[in-house]
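Before anything else, here is the set of structures, which you'll find just below.
In the two assemblies presented below, subunit A is common to both, partnered first by subunit B and then by subunit C.
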Partner chain A sequence: MGKAKKITPWLYLLPALLLIAIVIVFPIVYTGYISLTNMSLYNWDDFKIIGLDNYARALFKFDSGFLSALLTTILWTVINMVIQLGVGFFIALGLNAEGLKLKRVYKTLLMVPWAMPAYISILLWRVGMFNPEFGVLNKILTQLGFAKVDFLANNVIAFCSCLVLNLWMALPFMITTIDGALQSVDHDMYEAATLDGAGFWTRVRYITIPGIRQIIAPAAVMTTFITFKQFDIVYLLTQQRGYMTGATLNTVITYAHQNAFVSNNYGLSSAVSMLLFVIIILFSFLTNRSLEEV
Partner chain B sequence: MKKYVAFLLAGVLGLSSLAGCGQAQETNTADANQAGTASSAAVTAAAETTASTATSEPAAEPVDIKIWHDGDESIMQTIADRVNTELADDQITVTFEKKTDMPNQLKLYGNDPDNGPDMYFYAHDVLGTFVAMDILSPLSDVTDVDSVLADALPLTVKAGQIDQTQYLLPVYFETLVFIYNKDLWEGEIPSTTEDLYAYMTEHTDEAAGTYAVVNQHTNAYNVSPFINGFGGYILDENGKPGLNDPKTIEAAEYNKKFGQLQADGDYNTVTTLFNEGKAAAIIGGPWLISGIEEAGINYGIVSLADIKLPNGNGMAPFSGIQGAGVLKTALADKKDAIAKVLTAMASPEVGIDLAVKSGCAPANSKSYDDEQVSANEMISAIQKTAETAQPMPNIPEMNVMWTPAESMFVAINKNGEDATQAANEAQQAAEQAIADMK
Partner chain C sequence: MNKKLIRKNIRLTILNMVFLLLCFITLVPILYALNVSFSGHGSALSGTLSLIPRNPTIENYRAILTEEPFALWLKNSLMLSLGAILFSMVCAVPAAYAVSRWRFPGRRATLRLLLVLNAFPQILTMFALFRVLKTAGLLNSHLGLVIIYAGSMCVFSIWNMKGYFDTIPMEIEEASKVDGANNAQMILRIVLPLAKPAIIVTCLMVLITVWNEYIFATTFLLDRSTYSLAGGLYQLQSNDYSRSWPMFTAASVLASLPLLIIFFKLQKYMVSGLTAGGVK
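Presenting the complex of A and B:
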């Protein structure tokens, strides 16, 4: 291969690589640089490199509170993924059922939660659904003669409330992906299997799941990743200043935010960010490996 | 041919991706060139004018002072209208620009003369943060502070100081008052918190969703009337948290029994309850008035200083002083104009306009001589409360105190935790947060 031919692909790639360097690589490298300095409120312009001191301090942030947050995050991710894949799969199957009328209408309606900005959705749920005085859920409960329930008052009920909201927001993506994947399964196979006497579950197990697995695997991995680093739902529902509900639920990201990012010490916050970055990279290696095994 | 098109498209994409990275200075240079051209033209024109009329005075250059804020736009417009009228002859114009989360924006642009503001307008509690960042100029570097603030209320002047240096020009101040619905409240407003509690017990029906008094009972700002009244504190002037001070704990425990009769206590819930007539009274500030009036509530206002705690002290909320600070970067070109803006902002007329149009309590004591101001119920209540109110701490450490303090009140009021234990945990979190700042 000539020298020019070797360079040409790189020239084509150059704009995209430049964009990636500016948007993704530079912030990470810069955060790494700041993590080695004493940049804070008191050293705003005159900060200097102080070595790994911030990392030594940041490691103290990874205490028992962090471990508990990590366990909560793992539980949160596993439950979310199991329900999203399970419920998403069956809703998508339902949407593909023969003879179902107004399919397009249902599919469009299912897009609504996904199309809404997350911030708006979360605030709407906090005030419109979960609020003890004005929330729809409490209106229904009191109409039925039950006492009011504070859906965000403690960790267990707040976890469940966050879970329901996350499912509402995330299911459309999973349903759409699985729905798309289902279109690629050859219908002749179902007919042949039915003629051979296969029932619904047998067809799902031996035709549908193997047929769509490779298509939904990347979406599942991506969603796992997004769910693991969830911040907005837990923070906005239970922790926002002025709106703390009584739950002390934390994911790793809300924990890091609570313990490092409110201090205006950018060196320390950057060190915590870099450590979180390493944890998430390790997590992504694990999920990528599981993707390769599919 | 395809190859050339591909190269061309790749090049265009590459250039467009970098287009936004251009230095603002280039634009400014262009502007400067234009300005240069314009000023050359002006000089030429001026020279010609001078030649023809040797005695005429050169006109002052127009100056625009950019002020960032994150407050009510109508309040800023009131200030701008008065200041611009007073400074019209000097060709000085102030322009208020609303910036959401202004303190964080100022952290990014406070040192940037091209993209940052000349001044800012905000509450005094973030002052210490900006001073620590070394982006503010002491007012004494710009003007004669003693003369400009000669008529300002001492409470407001002190709030604008860090280490005895004046950095903030106080314009108006606000604090919590007791606002009640005259159509729902039965009898007189109690003069003691114990009588108030008795009234609340009798007139609150949580199951029906009707309340006597609502308050953001886990928000440190709204709990401050109890904390300060009991002699406790959130943060002292040396930056030491006082969440587990015995007086603070006593106040938190006392606040708890009120909190149990005050609904969930978040801002949206309590304001909606009051505005919908489901709560007979609310502890809040002047920022609630426009919503209350829109809701058509027939309201009355009482100073919290008139409601006595069991120790005999009046309730003593935090006060927030709203005012203007000057960015260091603005001094090089606009020092004289800024000095005139500060003088105009400190005038009694600005205070009167703010009081009449927006119900704000002026920092200038002479504004209260105006009949319209002295007759305003909200302003009278705030002025009365100023007797007991304490300015929020303005040192940088205050920034990290709100969250641990709120966590403490949430733990006590909503989770039923022991007050001393919750206070000790919150104190530890606050000390850690302060240590993390350095």
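Presenting the complex of A and C:
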């Protein structure tokens, strides 16, 4: 390879790398720097470096809230993934039932939540579904003779409401993925198994699930990351400025955001951001390796 | 045999009913929004439950278009999207071409680095970006936001288009090289036309992302004249409900409709595009 040939690719990459350096890399480095200072609203300009204090505060003082946010986030991710994979699997299985003529119509209608802009969906749910006075859910409850429920009033019920909304928004992708994977399962194997007297559950357990596991693994890993990083739902449902609902639910990302933009603990927020960056990188290396082994 | 057929039919009927119910439940929030947007004053906030407006009216649509600066929000959203598309494509197309076509030292490392950066949620650096924009005097400016969007979409676009470029055979380019075309000419005349579908799909995905983005838009654009659709809608839903909620539903229908159309046109690319950069 000549010298000119070695430089040409980098010339092509230069604008992109420059842009990425400015917009993505520099802010990460800058966040790392802020995390070592006591920057806050009162120390906007005259902040000073205080070493690793912010990290110590996030990790070793339970009342800082970071560890409980991390626990909430892990719980949130696990519950979401279990339900999404389970429900998504059975819906996709149903869609692939032999003789279901309206499959395409159902599939298209079930896709709509995915196509909607997320913030619009969440805001529609916040007032249209969950509102204690005139939300649809409470209208149904009162018509059935039950008392009204404030779906965002405390942490437990707010967590469940967020979960329902997240399932509504995320299931279409899971259904599409699993539906696609099901197409690749060999039909002859089903017939052979049926002839051998295998029932529905046996076929699912020994043919369908092993057959699709590898195909949906990357999508499941990606969804796990997205669920872990979920911010919009919790923030827009319970934490809008001036519209706190009483729930103090925090995921790690809303926790970092709250410390930066509500309580103005810029140093602590940045430290949490850097910790999350490390967690996400470690996690993605681990999953990348295990995916390559599959 | 007949018994078997009957049982199969019963199973299919039950399955159809389950799916009809499932589709209905899925669509309730959207039917609700349509219903309120076409209803007259007050009925949205009343205690009764109905899916079809009693006295259909387009009053809310008239109100959002004439009494609120919806056209301005729409224009701002379009400007942000187009700016981000143009900016990110100018950077990403040559970069994607380079990593797809040439094997050079540092290529693998660059691609890996891009993946790691893509995994990082940009919202975590929002405060740092806020300080930078403030220092640079770019708060409340569309330019600042366009640069931020372009940067994050550039990473995605490089990975997405690299995948498509990989499928364009090299022979075509080699043939044109023999004909004496230089690199830039070859890319403009041969590669770009071939890659057009991939570039269009990527552009539309950038459009969807930018159109749907709200947290940067509502944090960095604080002046009402700079509001995009996100800022406008956000403000409508946090205001006094009795007046602005029906308008919010009308605005949300108008803001979502173009996106729904683009999404369903692109559906088959959405899955592959989303997973393309995710694993390898």
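Just so it is clear, the second predicted complex is superposed on the first by the 209 of 294 C-alpha atoms of A that agree within 3 Å, B and C clash if a C-alpha of one lies under 4 Å from a C-alpha of the other, contacts with A are read in each partner's own complex, and residues count from 1 in each chain.
The definition used in the following text is that contacts are C-beta pairs under 8 Å (C-beta built on N, C-alpha and C of every residue); 3 or more make two chains touch, one makes a residue touch a chain.
Quantities reported herein were computed from a predicted structural model and do not represent experimental measurements.
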For A:Thr245, select first, second, both or neither according to whether it touches subunit B, subunit C, the two together, or no partner.
-> first
Contacts of A:Asp45 with subunit B and subunit C, given as first, second, both or neither | first
Just subunit B (first), just subunit C (second), both, or neither: which does A:Asn166 touch?
-> neither
Using the touch definition from the top, say if A:Ser263 reaches subunit B (first), subunit C (second), both or neither.
-> first
After superposition on the shared chain, which partner residues are touched by A:Asn54: those of subunit B (first), subunit C (second), both, or neither?
-> neither
For A:Thr224, decide between first (touching subunit B), second (touching subunit C), both and neither.
-> neither
Tell me which partner A:Asp150 touches in the superposition: subunit B (first), subunit C (second), both or neither.
-> first
Taking the superposition as given, does A:Asn80 touch the first partner, subunit B, the second, subunit C, both, or neither?
-> neither
Would you sort A:Thr37 into first (subunit B), second (subunit C), both or neither based on which partner it touches?
-> neither
When both complexes are superposed, which of subunit B and subunit C contacts more residues belonging to subunit A?
-> C
Residues on subunit A touched by both subunit B and subunit C 12, 15-16, 18-19, 22, 127, 133-134, 142, 242-243, 260
In their shared complex, subunit B is touched by residues of subunit A numbered 11-12, 14-16, 18-19, 22, 40-42, 44-45, 57, 127, 131-134, 142, 147-148, 150, 153-154, 241-246, 258-260, 262-265, 268
Subunit A contacts subunit C in the complex at 1, 5-6, 8-10, 12-13, 15-20, 22-28, 30-31, 34, 91, 94-95, 97, 99-100, 102, 106, 108-121, 123-129, 133-134, 136, 139-140, 142-143, 168, 173, 176-177, 180, 218-219, 221-222, 225, 229, 231-232, 235, 240, 242-243, 253, 256-257, 260-261, 266, 269-270, 273, 276-277, 280-281, 284, 288, 291
Contacts from subunit C onto subunit A in the complex sit at residues 8, 11-12, 15-16, 18-19, 22-23, 26-30, 32-33, 36, 44-49, 87-88, 90-92, 94-95, 97-99, 102, 104-107, 110, 114-117, 119-129, 131-132, 147-148, 150-152, 154-155, 158, 183, 211-212, 214-215, 219, 230, 233-234, 237-238, 241, 245, 248-249, 252, 255-256, 259-260, 263-264, 267, 271, 274-275, 278-279
Listed in rising order, the residues of subunit B that touch subunit A in the complex are 6-7, 10-11, 13-14, 17-18, 21, 107, 111, 129, 132-135, 206-207, 209, 216, 218-219, 263-264, 266-269, 272-273, 278, 396, 399-400, 402-403, 406-407, 410-411, 414-415, 432-433, 436-438
